[in-house]
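My structure is below; once you've seen it, I'll send some questions.
A, B, C, D, E and F are the chain letters, set down in written order, and residue numbers restart from 1 in every chain.
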Amino acid sequence: MRPSGRELNEMRPVSIETGFTKHAEGSCLIKVGDTHVLCTATIEDRVPPFIKGTGLGWVTAEYGMLPRATNTRMRREASSGKQGGRTVEIQRLIGRALRAGVDRVALGERQITVDCDVLQADGGTRCASITGGWVALRLAVNKLMKAGDVQIDPLVDPVSAVSCGIYAGQPVLDLDYPEDSEAGVDGNFIMTGSGKLIEVQMSAEGSVFSRDQMDQLMDLAVKGTVELAEMQKAASK
Amino acid sequence: MRPSGRELNEMRPVSIETGFTKHAEGSCLIKVGDTHVLCTATIEDRVPPFIKGTGLGWVTAEYGMLPRATNTRMRREASSGKQGGRTVEIQRLIGRALRAGVDRVALGERQITVDCDVLQADGGTRCASITGGWVALRLAVNKLMKAGDVQIDPLVDPVSAVSCGIYAGQPVLDLDYPEDSEAGVDGNFIMTGSGKLIEVQMSAEGSVFSRDQMDQLMDLAVKGTVELAEMQKAASK
Amino acid sequence: MRPSGRELNEMRPVSIETGFTKHAEGSCLIKVGDTHVLCTATIEDRVPPFIKGTGLGWVTAEYGMLPRATNTRMRREASSGKQGGRTVEIQRLIGRALRAGVDRVALGERQITVDCDVLQADGGTRCASITGGWVALRLAVNKLMKAGDVQIDPLVDPVSAVSCGIYAGQPVLDLDYPEDSEAGVDGNFIMTGSGKLIEVQMSAEGSVFSRDQMDQLMDLAVKGTVELAEMQKAASK
Amino acid sequence: MRPSGRELNEMRPVSIETGFTKHAEGSCLIKVGDTHVLCTATIEDRVPPFIKGTGLGWVTAEYGMLPRATNTRMRREASSGKQGGRTVEIQRLIGRALRAGVDRVALGERQITVDCDVLQADGGTRCASITGGWVALRLAVNKLMKAGDVQIDPLVDPVSAVSCGIYAGQPVLDLDYPEDSEAGVDGNFIMTGSGKLIEVQMSAEGSVFSRDQMDQLMDLAVKGTVELAEMQKAASK
Amino acid sequence: MRPSGRELNEMRPVSIETGFTKHAEGSCLIKVGDTHVLCTATIEDRVPPFIKGTGLGWVTAEYGMLPRATNTRMRREASSGKQGGRTVEIQRLIGRALRAGVDRVALGERQITVDCDVLQADGGTRCASITGGWVALRLAVNKLMKAGDVQIDPLVDPVSAVSCGIYAGQPVLDLDYPEDSEAGVDGNFIMTGSGKLIEVQMSAEGSVFSRDQMDQLMDLAVKGTVELAEMQKAASK
Amino acid sequence: MRPSGRELNEMRPVSIETGFTKHAEGSCLIKVGDTHVLCTATIEDRVPPFIKGTGLGWVTAEYGMLPRATNTRMRREASSGKQGGRTVEIQRLIGRALRAGVDRVALGERQITVDCDVLQADGGTRCASITGGWVALRLAVNKLMKAGDVQIDPLVDPVSAVSCGIYAGQPVLDLDYPEDSEAGVDGNFIMTGSGKLIEVQMSAEGSVFSRDQMDQLMDLAVKGTVELAEMQKAASK
């Protein structure tokens, strides 16, 4: 039995509130259970030096957690003088994930920065960031297309992410914090709305796993991301 | 005429939603017009070294702004490796302001950290942080008192803050961003609910002002903080 | 009675020795009692990016304290890897104060950096820095005018600063360190030689104050800055 | 055809020279083709604060690359003042991988730090670091067991890693740099000598992949790590 | 002919004003020509960890330059976030030099920190810092002996330093800035009052030198340090 | 008697393996006894700003030590966020030494960076770095000359370095770590193959020395650097 009483293959309730902040070209507050992430997308005309003049666009992401998003207060990264290893790892993952769903030629030579800031954490913040981040990105691109700055839609297929793991010996979908802190194996699965894989990370901490278990987690992930893709489309219409 | 159409002595609409996040001992989302700040209060048993063993409590504050809280995206302080001068100045101000309203003997040897994170900015973020920060502090102290950890209420009088300035030659209450960026003189006034002064900062950028103007701004500030104190009390009952 | 035996409205002895260092375009060693600050002004042709091409000039300030300027040795900021919050707050204040007294059109597109380094501290270092910093600035501008690089004097009115506070229940002028460390309320008042206000900061640490007290401190500050302006003029003739 | 002329499922030549440096408790220079990594293991009696007093051991890793290990010189991380995101990500991966193969109870309350420094890079440095790092760890543990400080062998099964990817439309084993820089999909597979999975990371940059492709890469990875495990055992006997 | 008109073996005028600041246990302003350095010595009861409990004392030094001590303004090290390589090199040299003249057993388990801050630079700041630093140290030790905290004088012989170099083909004593910036070879010589050597550094930038030239510079250095030792003794009586 | 059984004027065995890494324009692994340093030379077309457009070349150096090059593990400088004072001092020394042997006009407007990374340390790492660094530089310049990019050989005379010191009262050549940690006086001598001096540093830690001792150390250094110059020439033919 899961602590939340959910079925093994049941996601937490998900809501996506778009337009949560007024300045960003795209924004939403995504809630996956008690995990709440504010995602904003910022369009800028400049691109990183390594693609200047190529005509290609760029999508990048930054990730942060408010100090008291968690059960005990964490030190503010701005005051400790650097982003921790976990933060760096997560924001690189979000950026790679979103870029995989972007036609960079169609986007044109501009950069979109997706900021994902966790207001409240209860497990799965990186997956919620990717799922919500894609919605913010979608809204920003809608604005570009409406203004005629972009002609061909560079976002062909939604990108969403979900975590799965082995909890109490059972494969479960969408780990919350109590499950995540106990799971011997967990994975993050990033997929497109049409079921293609973008990134798969499975990891055992103090444990190992088999190919069979890997396949069971994959099956759950496919179910979850299909559901998420529907919600993304509904929210960003 | 003010850009927003407000009267000279009229504040923006204010709302305070308590319990906005679940982990913090006290939390609220304060909205002063389009300025939205998430305030959380964290209770910890440790105190800073310089008061260890004195039996006195401590209240401190940290301030941050999400990168796209503003009209154009600002660089994330965690990634630039340090808090900017403005951030440091503001969080020291918030801490001083809140401490001025605390009976540190009654609080006992514990620390409360108030985090003020601006989700959306439209002028007056430091004042909204102080006003909302006090509500988060109040809620955290309520919890301590309910648990019997604190017997005498250490928060005698609410602390709130408002900005005033000379805009287009007229003294106005509660500057929003369009006013703030044009005002030759502006000030922040931090007061108690019973009308005592805690901190006054008036500053002219590229200009000067007279004692008469100073007195007019003071009058407006008194009006504003009296209104804010009522809302703080209502929100934190 | 004040520890120093001074009258309530009596400043410490002030001296201003100009030309204390030979390289700077303007320099002085200001002594306000036992507070000694070396102020230098450096003229550079470059301006900050945000005013490039506007024809406007810029004045900025940096502040530092030698490690053993104080009673116990403080850690050197260069070796601790960053300027502390107090330093940042003070140097921003000095810069704003000096800029308020400058006609930036008349100055022309150049930058003057005023460095204020405290050799010995006994309270009131930020005020002494502003007062001495203006003299260094005045001397540097004199050099520009003499060379014909600036035609219209951009410094219309001297800028000086003094601290006042409530010590032992009495409003007193020009707090020294023993008073400053005991005062429940203190303020810094920055004014022009003709009595206009530039910046007012009054703050209660663990206390509150009334509008009457605020007015009494203002009265003292006017007396102090009038005296300082005379000394500035005499020193920089 | 692969640039190196290798078969699709053929690894580069691997050599492991143990005892490459004299001070470390365990050390080796691993060469996987032209990728050369110096791995050292250091035993210390202290453990991180979060496991102090638990009787459990800890294994951690650090990763670095000499500035001219690569085709063009990279900036030295020590002089740029921080470890880059890639470095942080890699060293966290190495640490997790090695810990997964350690019985932390049997190790006892001590820490082993594995340093992996790339002397020459030609793709696959993180995998070579894990494979060579395990050998250094094995040698250090041998020393502990010989000295009687550890009774039960905490390293039950070797840990090794190999990269696989889709290159020119084909799944290939052990990507070298020319392949790695062209591959649309690549993955790192960390396994035990007995074929259990520890960590799987598959990622598409500017592309997507299917579950079939994922399974093909897994098959190659199993072949590669079985071969590596044999070499690890031979080297650390 | 030297730019200053001095003889080849003639030092610049030297003055040492003791008690320049009031808080430090020892202080002086040393002027070697136009090079002015404020030296303070601070006594603390703590010692660095590596000698705790040994009964030995420690002497260390820090060095800084005010931003406009030089002809063009240098960036403040506190604001650039670190001490430059030159600063680090110099302060390590000063510390080693002063320690060489201290009987650390006689000093007892306490630390004296000598801060050398250059107010005005005209060549030879490291040598002036050592010479003046020793005077500040002497004064601080005098205070310890007078208070009975130290019984046996730990400073047996004064330590002073002078630079020499090959300027325009000639060996010259005590280089000023115009000479220093032209000299192909220069050296710093640190000696005791009784003519023993503590540290010798000779360096050619874009040039080489012979053993004969080395000997000529040594002869000049002996002359210079003998004169400085007399002044040190006179100043610190 | 020396711990190693060497004669007073006997160097440790020296070997220089060129081409140790494949990417650098020049590289070698130099072994001076148990001190092993990997030296690489990187040619870049850019030069530092202060010589841009002068037609002059530049040679600079960076120095590092792998964490477990030493007997106990040292903290990795990249993770501690800055290069230590000792590192900075050493790499500046290496750069100055190598530049002294370079005809910067003949080199032309390009920069060569020599990286010296200590794989294993047993005393004398800075001297081995200079000696090996020159070989890497020589090989890189050979490549430039072969390609016709440089016509006149900018390296007229090899540059090598050796340490000497007073150990157990006797002057000895080429200190190893056990000697270095006991020596009261030690020095680094950098010379050209034809016996000219480039840099001499002699230093007493907790001791003093005489001119006679200085001369004895010089004599030993000449012997050592003559031997090293022969090996450099043989290695880089």
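Here, a residue touches a chain if its C-beta (ideal position, glycine included) is under 8 Å from a C-beta of that chain, and two chains touch if they have at least 3 such contacts.
None of the values given here were measured: they were computed from a predicted structure.
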Required minimum of steps from chain A to chain E, each step between chains that touch: 3
Neighbouring chains shared between chain A and chain F, ordered by label: D
Identity of the chain that, by mean CA position, is farthest from chain D: C
Centre-of-Cα separation between chain D and chain C, whole angstrom: 59
Centroid spacing, where centroids are CA-atom means, of chain B and chain D in whole angstrom: 51
Contacts with two or more other chains, residues of chain B listed in rising order: 81-82
Starting from chain C, with chain E taken as the next chain, the full ring order: C, E, F, D, A, B
Chain D partner contacts - residues on chain F that touch it in the complex: 20-24, 27, 34, 36, 38, 40, 42, 44, 62, 64, 66-71, 73, 76-79, 81-83, 87, 113, 115, 117, 119-121
Footprint of chain E on chain F - complex, ascending: 82, 85-86, 88-89, 91-92, 96, 99-100, 104, 187, 192, 196-211, 214, 218
